[in-house]
């Protein structure tokens, strides 16, 4: 990585002895100044920890039905009360966060991967490859999401291959991730494509080519790392969008199927009891809200931190 | 510029053909025709009868044959008739009946969002780190993190039920009070809540966009130059800064134009707004493929054309961009 | 300083303008008539029409089919009826949506109506023609013996344009419905009619097919209809009958429709703007918004008391509830309306006094089909165990808020009354211990995780159903209850109509357990899913509704005899035996009766919703809004 120039070297000795800060360290420094971003990171971290430790932390089985304790108020036994089937809300919330966060995380990572690959190859390759890849992205962007969601949802759920690969209970999870990736890669691909287009004319690429680097190496080692900034920012924001998309899908009946709780299906089920027990919707709603908030703070901070033009 | 346009238009036609064929194919992979559930409401119906019903709408032929006859008919203006949403009605009529409602809703939301988001974003950028900035930032995060369907219902409950019998009461949905004819005040009152729901997200996102775009511009060298030249602050900002900051806004607007036609399913559903979004949703669930196909093609068309428009506007706004 | 001030003022102006728009607007949509007693505020005047307090209406006589004295002209008044879906068409012969039926019964007055008391009453005709009263009789000998049903149209029964309804209109409807190019949803009854003879202006005779005619139709087809559609009559020996033969009559305005070819009727103006003979005339249809109807003062059963009826489409259930609470609407129908899971909200609304919810146990019944070809389910002890393991009483209590009852048969109590007999039924009470016992007898032993195992195979079953809220709740409870006895139940929720598709799990018989609702006719004949020939398979082109795959020769015989006979005396023991067989072998586990949920203003008199497929609007001309 290129070394950074220290702001105020005082004398020759200092110039020689001051520690060199790497690119990443600089980024971290800039990030640290962004208090909201740190808060977001911390919040997100806490959410993830609780979510993943759900099997350990949750006081009850999230699917344990107790018809004699429907809609119980928060009490010592059930900190957040119970839902329409007498299930403990706190436990469900933990497991639901786990599901939703995992789905959002995995789909974001995969989207970034696929999008970067397509965008970089299209941008560097040029010619027919570029035309086909980018026009496919255009076509997919022009497609009505809902229709494809419905059709794909049905198809994928029925396909034996999907069932075999992921196991019968995880089919709806897998289907949602696949669909989210299928509809998300285009944006990243366009970003990366644009970036690579301008980067590939730069001297360091020419130099690498002159040194005999293969196109794959150029893409992987030289081009892609320089596109990290927009990818990371787009991904963090995309993560938040996917959390919300999951809940909208549940509202439309295409989300994660019960009895697995997800934030989305908890919210849309709570919607049905809005007049009876509005608090029911507040819990998953709050978690969704905090998650998206945290992610957006994080994304903002990252954008500022990764922008080399900002002063340290 | 001329050849560029021509090339893009040809690409548009090709793209539309590909999209329509692909969607047609996909639709037919989806199991189910419009009469499948018939027997569950009329248990005596025989399979032979169902076959005849399918035959009457042409579902007995394989999809590629149907695609080509659809294509042939589309060229002369016959987009087929609906099998589910409005049985027997021409698809174009179904669309024409709902398009104005959608354009009204989405257009109003678009305008309102722009009118609110842009000034807020600019002000935020100019007064970075002031309390206004923080409040705006907080509210915009709120807007981004809020699921539409929940917010919509909350608004309905607040304004129609809680505020019942107050001058602030608003209707629970629909485009107008039935039987009232055209009454401007009535229409506006029905518009308020759905537009608010749609605008919230837009305002939240766009004001932040505007803010960051403006911030970037404000730090540019040429702004300092303009000030050094002694120009008034207002001129500096509006003439030099704003114009450049608007470029990314063009992208945003470009991305929003298709929504003017395709509508917003969830909002339309909750507010019973007779628009394109909810009819599409209905059509998909009713297996009304002619209507689905029709709406898909129109939406795709609008998307492609608005991308083209955005690209052209780019060239106009930023003289550095040139298309070969 | 300055630019920021500009912007700030701009925002401030915006903040002021928006609320004032709401404030300046005229008063919110008024209640349609004088406000109900409970509300404190007086009725607000509507800007367009003046809502005069309605004159105390003359007490409406107990709903009688005979024409009443023409009532005083109705005071201008309006009723808003909510549906969660809009009709796809208003042509009576096309489509089968309940949304259409609701509007249809306000526009048309059919010959015979099935009312809220479970009676068939003469509506558009003088009497319901039955074998008992001589309106229907058998004519002819041997192979030519056939059933003739005679209808006499009431005097004064007129179309909205003044033309009288005649026997020609009845014949025309029969011709149209049998036209192969006409996309009628269900012609299973009317296709049995060989001819409709016009005797005079008022009288039409429907002649059902004789055995000979039926066999011919099975060979060569009939009036353009394919022979396949008469396949059931290949070996017909008796005259063709139908247990509900008196409902075969109907009419359509032939003077308008005969000009339109059968295949163009769906696109015709009539389909969107029908001319009927009912209490209301069509006024306006704003797509996806509302359908407005105006009173027909010449309605032959008495002019309606309410001047304007608006069917308003509100799709989201919460929005429907909000509309009720805001007082914007007067009636919420069962069409995609609130279901029993909203019963507590509706009861709370009722406590406020303005509205009254109606919970009518209906003829539809929720059940679980067992796929008898499944390795576990083919053992009847497993099925019985499942029946004992599910606490159906608790389901009704907790999920349906006690507003329904457990079903034990496909025949609901009172529907029809002569066929329902508890002594013919094998009942399964909630008894998890007995369930475990039965499973043990069947050779299942508990595995290490508590799930039963037999021959190395776990007792894992999959329940497929739709994603309706009530079903999700029910399914999850059942899952829990079955786990108690060691059965691992997987759940599959299919959105939309996925369960019912031709390529779906039911018809293709790839399901294991299927939970859904059967609509019931008020007649016990369900040969469509009792008979073994109705097991859908590639061999019979997936025809028939016997999804479980029940094969019982005795049941086959009984089902056929029951569907062919018209005598209650004869059929009663047949169906008793059939119910015994069915509940003993349990190809299907009935769960509970579905409940029709509808809400109306507390001061809406004569609102009499039914639990059958007859819509709430059947007697709309009798509805009165009292002050």
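Lettered A, B and C in written order, each chain numbered from 1.
Just so we're on the same page, a residue touches a chain if its C-beta (ideal position, glycine included) is under 8 Å from a C-beta of that chain, and two chains touch if they have at least 3 such contacts.
Source: prediction; values computed, not measured.
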item: Chain at maximum distance from chain B, centres defined as averaged CA atoms; value: C
item: Pair sharing more residue contacts (C-beta pairs) when B-C is set against A-C; value: B-C
item: Distance between the centres, which are taken as Cα means, of chain B and chain A, whole angstrom; value: 24
item: Where chain B and chain C are represented by their mean Cα positions, the distance between them in whole Å; value: 36
item: Distance from the mean Cα position of chain C to that of chain A, given in whole angstrom; value: 46
item: Residues within chain B bordering two or more other chains; value: 31, 153, 157, 285
item: Chain C residues counted as touching two or more neighbouring chains; value: 318, 325, 495-496, 498
item: Sequence positions of chain A contacting 2 or more other chains; value: 150, 154, 252, 271, 274-275
item: Touch list for chain C against partner chain A, complex; value: 317-318, 321, 325, 341-342, 344-345, 348, 394, 398, 467, 469, 472-473, 475-477, 479-480, 490-493, 495-496, 498
item: Residue numbers on chain B that touch chain A, as the complex places them; value: 11, 15, 18-19, 22-23, 26-27, 29-31, 141-142, 144-150, 153, 157, 212, 219, 258, 262, 265-266, 280-281, 284-285, 292, 295-296, 299-300, 303-304, 307
item: Touching residues (chain side chain A, partner chain B) in the complex; value: 135, 138-139, 141-144, 146-148, 150-151, 154-155, 240, 244, 247-248, 251-252, 267-268, 271, 274-275, 281, 285, 288-293, 296-297, 303, 309
item: Touching residues on chain B, where the partner in the complex is chain C; value: 31-33, 35-50, 52-53, 56-57, 81-82, 84-90, 94, 97-98, 115-116, 119-120, 122-123, 126-127, 153, 156-157, 160-161, 164-165, 167-181, 183, 185-186, 188-189, 192, 233-234, 237-238, 269-272, 274-275, 278-279, 285-287
item: Residues of chain C defined as touching chain B within the complex; value: 2-4, 7-8, 10-11, 14, 18-19, 21-26, 28-29, 41, 47-48, 78, 80, 88-89, 91, 94-96, 180-181, 183, 185-189, 226, 228-229, 231-232, 263, 265-268, 271-272, 286-290, 292, 308, 310, 312-316, 318-319, 322-323, 325-328, 495-498, 500-504, 516-519, 521, 526, 528-529, 536, 540-545
